[in-house]
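Order of writing sets the labels: A, B and C. Residues in every chain begin at 1.
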């Protein structure tokens, strides 16, 4: 293992500090009693930590409801997105379906500014009665995460040699069987990675949730809006809720760390 | 009986038993109740005697000790609701609402302190009286406008009762978000209620000849100042020496900035001359600007409905506000109303002008309830004087209770509104320590019960009444929300360093766009109507129109 | 299996076999059907509807949906806030991406050699990627907003004299705050992509250069950079296309203020559409913004696909 020069250690150390300080301060704020907020010098380690902000955030501000809604919507959308995305990606990878144009169309969905799209969707949902429903949100989030799922699985499938599937076809398997029995099991790691990415994208999405949900299906990020009221921001509660929503994100993020490279580089890595 | 009723019943029973054990004349009630419990006597709402019902209510809701003024007001409210007078609005509302028992009403409220009233008092009491449940939806102030509009566009029926700024009435009425109340009023209301309003507030819910809500919160700005500082001999001498004038509570905005700066110079960092709530979205900037602008004789529009903001009056207003900012507590530009209250209560500020709860908090009355635990204790209770804001005070927002047009429970919703704003019930609500609802009825201002809440309560009420006599209204016209947003944005950009003249011109241009969008001619017509209201301008106040209310 | 073939030749296919035969032939199309249907449902219908809205009055305060021609577009084009927000969006996106790129590159270069604890360091570095932008905004607000945030106090300690900056209300510091929040969240994105690129450069090239005594800077310019080219394009493309949508942190940190100083295009359209409910104007603005985005998207994504297919 190489020994790093001092300069580099310093740089990495500073950067780690940069990453950790905001997270630490947010955590501390969530367990500080309100009287400590205005203290000068600022209090970095509270003497009497309290959980009152957590209970306020989860119950009085209905953060728990938001959490449950986010879980329901994100898990469902992730499942659908992983499923349909895998199917589509296999089709692209093996058969080059639709050539460049279909692939381009699917990928470009990712880059549409939500603000351009949300308005017509809001109005259409209203007509179809999908506003503030789980079904409406799940559909929206599935479409929202499809491009990345497709793209990740596309890269993954291209990395799996065709030989085994072709052997199966020669043996008389149908295309569907060769997909199901051979390609799919090999793709599981990639599907898991794609699913984790999709889940995190749904879990952290704010804009669509802001517009398309209301009192029944509001998601966790939208609860933060309640903390912006004119009566002074409730910093303790906001921090508590933030810490709560960080937990799945960080756990899943660490799990996917290995796949991160592959997923983000989308098959452009050689070797 | 379902579980909840059973619990309430037993709680009430316990109260009855205690009373009986003390030998009080409730034996009859006790036996009756016992009989009911064993099923011998039918439990119908109207059979349970009023006092028993009240006992039930007291057990379920945390009512105040009946020997206190608040307790008396609450008892009077309960009595009016359950016994009558039979033609009183409270009684009629409760009777008519019982058929809707089991329904849930969704009501929007400003998040935080405002929402404590329906959560802790009016909601649970209403449920006790009628069996109608209430669900409070807490929203930030700007969201109290945009959320109902969004829900209306989505046709969701999410809300039944809306708390709205009276100035939003034209937009919301034209947009179909709220429903007119005239039919319900004819059916259920004792119209004497409508005469019990202070003249400044009476016409607020009317628009295009119909009534669109019940006014419910007298948000008149008043000036609260530290008597001890103003009467301190050393300060008085120093001021006299410096300015060749006596140190007094300021009557003009120039004086205000001068006095504030003087106090800051003398006493910082322990005490600063003033503080304001300047944070964007915390509704403060637009009201403050508009009150001072009109005090300086500014006019909103000329005869062609062109905005008249970028005028010498506008510049003068912004310059005064900047001078006041300079003299204020550090962080002034990021404060919202609650943070400012915290600073004021801890004695850090010598003058503030803000909403009426200031007085109750200063006297330490509000903090007497554990529900309001995020307001600090008052350190200045006996050191405060009340005055009228320099020039004319703004009636800043206020609240109407309005009926959501998409509600699935229109009658039940309306009846709650009627009950909550009826004179006896509204008195008990504005007297709640944690209430942010402020007195608005003549019966409130004249109430002896209210005047006995804290030592200076009578003066406080008188000052609110006198402020309302010279108060100014927000512009009650379509598009008010857009006009207000332009002012708020203009102010925050000036606090951040933009040149006042440029900012005024930008705001005026935005006002013109809004006016054009809505139609210059129709806006002109609305503006003419608005100008007839008492409080539309400094020379058209309640007092100038000869309608001033004199309290003793 | 050969028997199945014989049976087929015999000409008597059961319905199920016919179906599976048909589905096998059209297999590749069937696979894409679900995804395509979903995307179509959520893009075609709404976009057609919104085209109608473009040319009528759809404004909360003005009843009816009368035809108004190009007035909605005109309202956007003459609105100074619209133009300002576009300019701000471009300025902020470019700045954010540039800083993230440079910082990410520096990090990647530092971390390319394995060392003890590298795994842990990497885990920490990538954490911000998985956090909701709303929370990122919240975290930085807690640090910066007076009077609760410790930033001014810490700066005062560091510099020796009192610091009283309004990080979220004073220009130009507020831009700095927005940029730092964005950089905090998205630098790891650049870092990961560039690291992947760096690790795929064949080490023998570096060894050869070392033997030849080539200097560090030359190595960087002649070997590293060219190899990294495609990855750099990828990273910047993806990041830029996301950066122009900047909304969440603005919403939480500054609310677009003070005045309209931090209105990005997305925030402007949100305000016009969902705070003021001038829905037809917001739709027109969205389409204009969309058109501009499509131009950029097409150019960059085409380039990306070339890179990918090479």
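Odds and ends about this structure:
Note that in this section contacts are C-beta pairs under 8 Å (C-beta built on N, C-alpha and C of every residue); 3 or more make two chains touch, one makes a residue touch a chain.
Computed from a predicted model, the values in this text were never measured in an experiment.
When you average the Cα atoms of each chain and compare centres, the chain farthest from chain A turns out to be B. By number of C-beta pairs in contact, the leading pair of chains is A-C.
One inter-chain figure worth recording: chain A and chain B are separated by 42 Å, centre to centre, where each centre is the mean of the chain's CA atoms.
Taking each chain's centre as the mean of its C-alpha atoms, chain A lies 13 Å from chain C.
Listed for chain B are residues 150, 153, 281, 339, each touching two or more other chains.
Across the assembly, chain A contributes 123, 211, 228 as residues in contact with two or more other chains. Residues of chain C in contact with at least two other chains: 145, 147, 255, 274, 279. Considering their complex, residues 34, 122-123, 125-126, 131-132, 211, 214-215, 225-226, 228-232 of chain A touch chain B.
Listing the residues of chain A that touch chain C in their complex gives 1-4, 8, 11-12, 15-16, 18-23, 25-26, 29, 37-38, 40-42, 44, 80, 83-85, 87-88, 90-92, 94-95, 97-98, 100, 102-117, 119-121, 123-124, 139-140, 142-143, 146, 150, 171-172, 174-176, 179, 200, 203-207, 211, 220-221, 224, 228, 233, 235, 238-239, 242, 245-246, 249-250, 252-254, 257, 260-261, 264-271. Against chain A, in their complex, chain C makes its touches with residues 1-2, 4, 20, 23-24, 27-29, 31-32, 34-36, 38-39, 41-43, 45-47, 49-50, 53, 106-107, 110-111, 113-116, 121-135, 138-143, 145, 147-150, 153-154, 184, 189, 192-193, 195-197, 200, 202, 230-231, 234, 241-242, 244-245, 247-248, 251-252, 255, 265-266, 269-270, 273-274, 279, 282-283, 286-287, 289-290, 293-294, 297, 301-302, 305, 307-308. Partner chain A is touched in their complex by these residues of chain B: 106, 110-113, 137-141, 143, 147, 150-151, 153-156, 158, 279, 281-283, 336-339, 374. The residues of chain C lying in touch with chain B in their complex are 59-63, 75, 79-80, 145-147, 164, 166, 168-171, 174, 255-261, 274-279.
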